[in-house]
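Take a look at the structures below.
Heads up, the next two complexes both have chain A, just with different partners, chain B and then chain C.
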Partner chain A sequence: MRTTADQVLLLARRSIVHTARQPAAIVFPLLFPMLLLAVNSGGLRAETHLPGFPTKSFVAFALAVPFIQGALFATMNAGTDLARDVETGFLSRLSLTPLRGAALLAGQLGGVVALGVIQACFYLLVGLVVGVRPAAGVGGVAVLLVFAAMIALAFGSIGAWAALRTGSPEAVQSLFPVFFVFLFISSMNIPRNLISTTWFRYAATANPVSYLLECVRSLIITGWNGEALLLGFGIVTLVAITGLSLAAYTLPRRLAR
Partner chain B sequence: MKRNLSVAQGVAWRTLHNVFTNPSLVIPQLAFPLFFFTAFVGGLSRIHNVPGFHYAQGYTAFQFVFVLLQSAAFGGVFTGFGIARDFETGFARRLLLAAPHRTGIVIGYAVAALCRWLVTAIFLTVIAFAVGMKVGGSGIDLPALYVLAAIVNSAAVLWACGVAMRLRTMQAGPVMQMPVFLVLFFAPVYVPLNLLTGWIHGVALVNPLTRVLEAGRSFVAGSPAQVAAAYGAAFGLAVLFAWWAMRGLRKAEAAG
Partner chain C sequence: MDHPNTIEAEKLVREFKKGPRAVDGIDLHVDAGEIYGFLGPNGAGKSTTVLMLTTLLPPTAGTARVGGYDVVHEGPQVRSRIGAALQEAALDGLMTGREHLRLQAALQALPRNERAARADELLERVGLTEAADRKVRGYSGGMKRRLDLAMALVHRPRILFLDEPTTGLDVQSRTALWSEVGRLAREDGVTVFLTTQYLEEADVLADRVGIIDHGHIVAEGTPDALKAEIGRPTVEATASGPDGRAELTEVLERFGTLVPSSRGVAVRLDAGEAGLADVVRALDAKGCSVANLELHQPSLDDVFLAKTGRSLEGHGGDASEPE
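Presenting the complex of A and B:
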C-alpha cells in the first residue's frame, strides 16, 4: 500500500514539475480564460438588462466559464504529456519496472487535479478583485474548489484515455475543438431559459457542460441550490467514472509486460 | 514585375494546392466560422431584445458581418501558419534561393490567403441565407462588405507573414493569432458600440476594427455609414502590415 502511495506521489510530482517547466502550459490556461472573461463580460454586459437575467453583474454570471475552460486546457496538456510519454517510450520503460498501472493513472491525474485547483483559486481571486462575492459564502468557495478538482479529474481522465488509446499528442490536441464545441453550445453566455432559438435551447439542455456551468454559477450567484449542485456533481462523477474506466481498460495494452 | 508575378503565381498555387488537398486544413477553415456563427446566432439571439438594440436586419445579419470579418482575418492567420511551416521544413529557404524576385513570395501567400478565404466566404454566405438572413443593402452594399473583408484578410496575412518570416517556427502560432483575436473581440462583437459600457467601450472606440465592423453592418442594413473611416482603417492596416511583411522578408533573407 505504502509502495503504491510512493509511486503515485513520485508520478504526481513528475507531472507537476513537467508542467511547471513549460511556462506556456501554465500561463495559457490561466490567461486565456481570463481574457475571454474580460471580453465577454464587457461585450455582453447589456444582457443583464434582459427580463429574467439572474444577476446584475455579468462578470459574476460569466465567472463559471473559466472553471470549465481552464479544466479543458489542463486536460489537453495532461493528455498531451501522457501521449508524449507513450511516443518517446517512457511508458515502455516504466513497464519494465514494478510500477502499478493504477499508480500511473493516479499520479498523472494527481498532477492535473493540483493544477486544476491552482487555476480555480486564481479565477476566484480575479473574481474577488473585480467585485464578485460568491453568494454561497466561504463554504461555497470550498465546494467550488472541490468541484474544480473533480472537473479536472473527470476531463483529465478523458484526456488520459485519449492519450493511451492513440499514443499521439496531435490526436489528443485534436480533441480540443470537440470540447470547445460542447462549451459554446451550452448556457455559457446566457441562461438556458433566455435562449430564444429553440433548437439551441434543446442542444444546450442536452449538453452536460451546461449543468457543470450552472453548478458553479449557482454557488456564485444564487447561493445553495440543491438541484444545480446535484446535477453538476452527478454529471462530473459520471464523466470521471467513465473516463477512469476507459483509461484503466486501455492502460494494460500500453503497459504490456 | 512579370517575374514577381510568376513567383507569386507559383507560391499561391502551391499554397492553395496544399490547403485544398488536405482535409485537416480545409475542414477547420470552413467549420470554425460556421460554428461561431451558429453559437452566436443561436445562443445570443435574445440580445436583439436588449433596450437600445436597433438593428433592423436582425441578430443573424448582425453576427454574420462579424463572423465574415473574423473568417477573413483568421484565413490570413492560418495562411501565416503555413508560411511558418514552410520555414520549419526548409521549403521557404529553398524558395528564397530559387525566386528571382522575392517580393513575389509575399504576394503569392497573400493571393493564396484571399482565394482561401473566398471559399469560406461563399460557404458562410450560403449558410446565412439558408437560415433566413435578411439583407437590406443594394447590389453595391453587399459587395462593398466583401471588399472590406478582403482588405482585412490581406492585412491579417501580411501581419502573420511578417511574424512567420521573423520567427520562422510553428511555435510562432500564438504570436500571430492572439493579437488578431484581441483586436477582433475588443470590437463591438455582440452588441452595437452604443450599448457597450465601461472599459470595453473605450477600447472599442479606438479599435480600428470597430469602424470596419460598424460599416460592414451598415452595408448589410442598406444604410452605409462610416464608409471612409472603415476603408481608411482597413487600408491603413494593410499598408502598415505590408511594410511589416517586407521587413520580415528582409530579415529572413539576412538569416539565410
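Presenting the complex of A and C:
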C-alpha cells in the first residue's frame, strides 16, 4: 500500500464520501441545472423556428448547459472542501504522512472527476427520458462522458488552485459567480451565428466556454464534428494543464514541509 | 547508524516576514523516553518551535535533529518517526472517528490486514469505541482531542509532539489525556514534546520543563529543580479571631519575607521547609490562636516570574490565539 495510485484511490474515495454526506452538494448540482433546463426549454422554445437553428428540439440544444453548470458546482464544492482542509489543519496532518503531494492533488481531483461523470450520466438520462437521442450514438455518449470528466478535471484544478492559494472556503466560493458570468456570456442559450447583438457575439466567440458547450452540443445534435471536438477538447486540455500547473506550483508552499 | 529517539536543536531561529523573531536561537535536548514540557504564554514561540521540529515549517537559521534526522534535509525520515497533534484538532467533521483512523493507517502505509485492528485498539485506548461510528462534527472538544491523539499514534511513532493538547478541555478530559500521555512515555518509551500554557500540566506531566518567553528559553530543568533554584516555600497562617492578625505578622516576619495573602499572613521562609517547625514553635510560644496553617511549595509561576518579571498565571486564556 505504498504506491501513489493507492493513495490517490483513498483520497478520491474520501472526496466522494465527503460529498455524499452533504446532501446539498449532490442535490443542487443535479437539480439546479435541470430546473434551468426546464425553464429555458419552455421560454426559449421559439428559438428553434429561427432560420439556421441547428435542431427542432430546444431541450437537445440546451442539454449541453448542465454539463458545464454541473462541473462548476462540483468544482466549487471540491475547492471548498480542500480549502476547509487547509483551514482546519487536516492538510497539515496529511503532510505528516508519507503522502505525496501529487497524490493529494490527484485524489482530490479524482473525486471531482468521478462526481462529474455521475452528474453527466444523470443529465444524459434525463435527456433520454424527455426524448433526446444523441446524434453521435453510443460512441458519442462515451466521448461525452470523457469530455465531462475532463471538464470536471479542468475546472476542479482551478478550484484546487484557488483553495491552496487562499486556504479560505469563502474565497473559493467567491469564484463561482465569476465562472457563471463566463457561462452566461457564451453561446449557452443561442448559437453564436444567431446572436444579433454584435458585442455579445464577439464576447461569446472570445469566451472559451462557448466551445465547451458547442463540443457537447455537436455530439448531441449534429453527430461527429471534428472541428467542434478539436476545439472543445483542446480548450479543456489547456485549462486543465494551466489549472494543474498552478495547483502543483502552489501545493508545496501550502504543505510547508 | 543508530538513530535515538531524541530531539535536539541548536540556535534554532524562525523569523516571519515583517514580524518579530518568533523563535530566537533556542537550544534543546530531549532524551529518549522523556516527557519534555515546553511552557510559555501565548505568542511565546511554542507552536512555531513545534512546527519546525515536525518539518512543517522550515527554520530561518540553526539546526534541529529529531530521531537523529535533520528536520530540513531528512524530512521524510523525521516524519516516519514522529506523531503530532497540533494546536487545533485537525479533523474532518464529516468523517467518523473510525474512518479517520483507517485513513490515517492507510496513508501511513500500515499493512491492509492490520488497519482495522489498529483503529479498534486506538479507539478503545482513548475511550472512543462507542462513538467510533459517529461523525466527528458531533464530538465534544475532549473527544476530538482524544481522536487527534489516537491519529498521531496510528503508526506507533517513537517521538510524539503535542501542541497544547488540553487547552479548552474540562478537568475530566484533561486528566484522561494526561494519564494516556504518561502511559505512553512510561510503558512504551515514547519521547514526548508537550507544549502547554498550564503550569499544573507541566508540573504533573513533564520530566523536564523548558520555559520559553519571546522566543527565548529562559529556564530549563526538572520542575523540582527549577522551583528549588528560584523559590522557597511559603507558610500561610490564618488567625482564629479578628484581632490575631497583628500577632501572627509579628511572629512570622521573623522567619522570612512577607508576601501578599488574601486570607491571613504569609511569609516566604528563609530557611525553606526546615523552618516550618520553628514557625510552629514560635506561634505556640507567643500563644497565637491559629485557625489554619499551610505550607505552599513554590510553583513554576514563581520561576516564570523570577525569570521574566511577569506572572504566567492569567495568560492562559484563549489558546486559539496564534503564535
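Descriptive notes on the structure:
Methods note: the second predicted complex is superposed on the first by the 255 of 257 C-alpha atoms of A that agree within 3 Å, B and C clash if a C-alpha of one lies under 4 Å from a C-alpha of the other, contacts with A are read in each partner's own complex, and residues count from 1 in each chain.
Just so it is clear, a contact is a pair of C-beta atoms (placed from the backbone, for glycine too) under 8 Å apart; a residue touches a chain by one contact, two chains touch by 3 or more.
Note that the structure is a prediction, hence the values are computed from the model and not measured.
By the document's definition of touching, of the two partners only chain C reaches A:Ser95; chain B does not. In the superposed model, B is the one of chain B and chain C that contacts more residues of chain A.
With both structures placed on the common chain, the touch criterion links A:Gln22 to chain C but leaves chain B unconnected.
When the shared chain is aligned, no partner comes close enough to touch A:Val117: not chain B, not chain C.
Contact with chain C, but none with chain B, is seen for A:Arg14 once the two complexes are overlaid on the shared chain. In the superposition on chain A, A:Ala46 contacts chain B only, with no contact to chain C. Contact with chain C, but none with chain B, is seen for A:Asp85 once the two complexes are overlaid on the shared chain. Look at A:Val181: by the touch rule set out above, it reaches chain B but stays clear of chain C.
For chain A in complex with chain C, the residues that touch the partner chain are 1-2, 6-7, 10, 14, 17-18, 21-22, 85, 88-90, 92-99, 256-257. Contact residues of chain B toward chain A in the complex are 28, 31-32, 35-36, 38-39, 41-47, 49-53, 174, 182, 185-186, 188-191, 195-201, 203.
Those residues of chain C that touch chain A in the shared complex are 54-58, 75-76, 79-80, 82-84, 86-92, 94-95, 99, 103-104, 106-112, 135, 151. Those residues of chain A lying in contact with chain B across their complex are 24, 28, 35-36, 38-40, 42-47, 49-50, 177, 181, 184-185, 188-190, 194-197, 199-200, 203-204.
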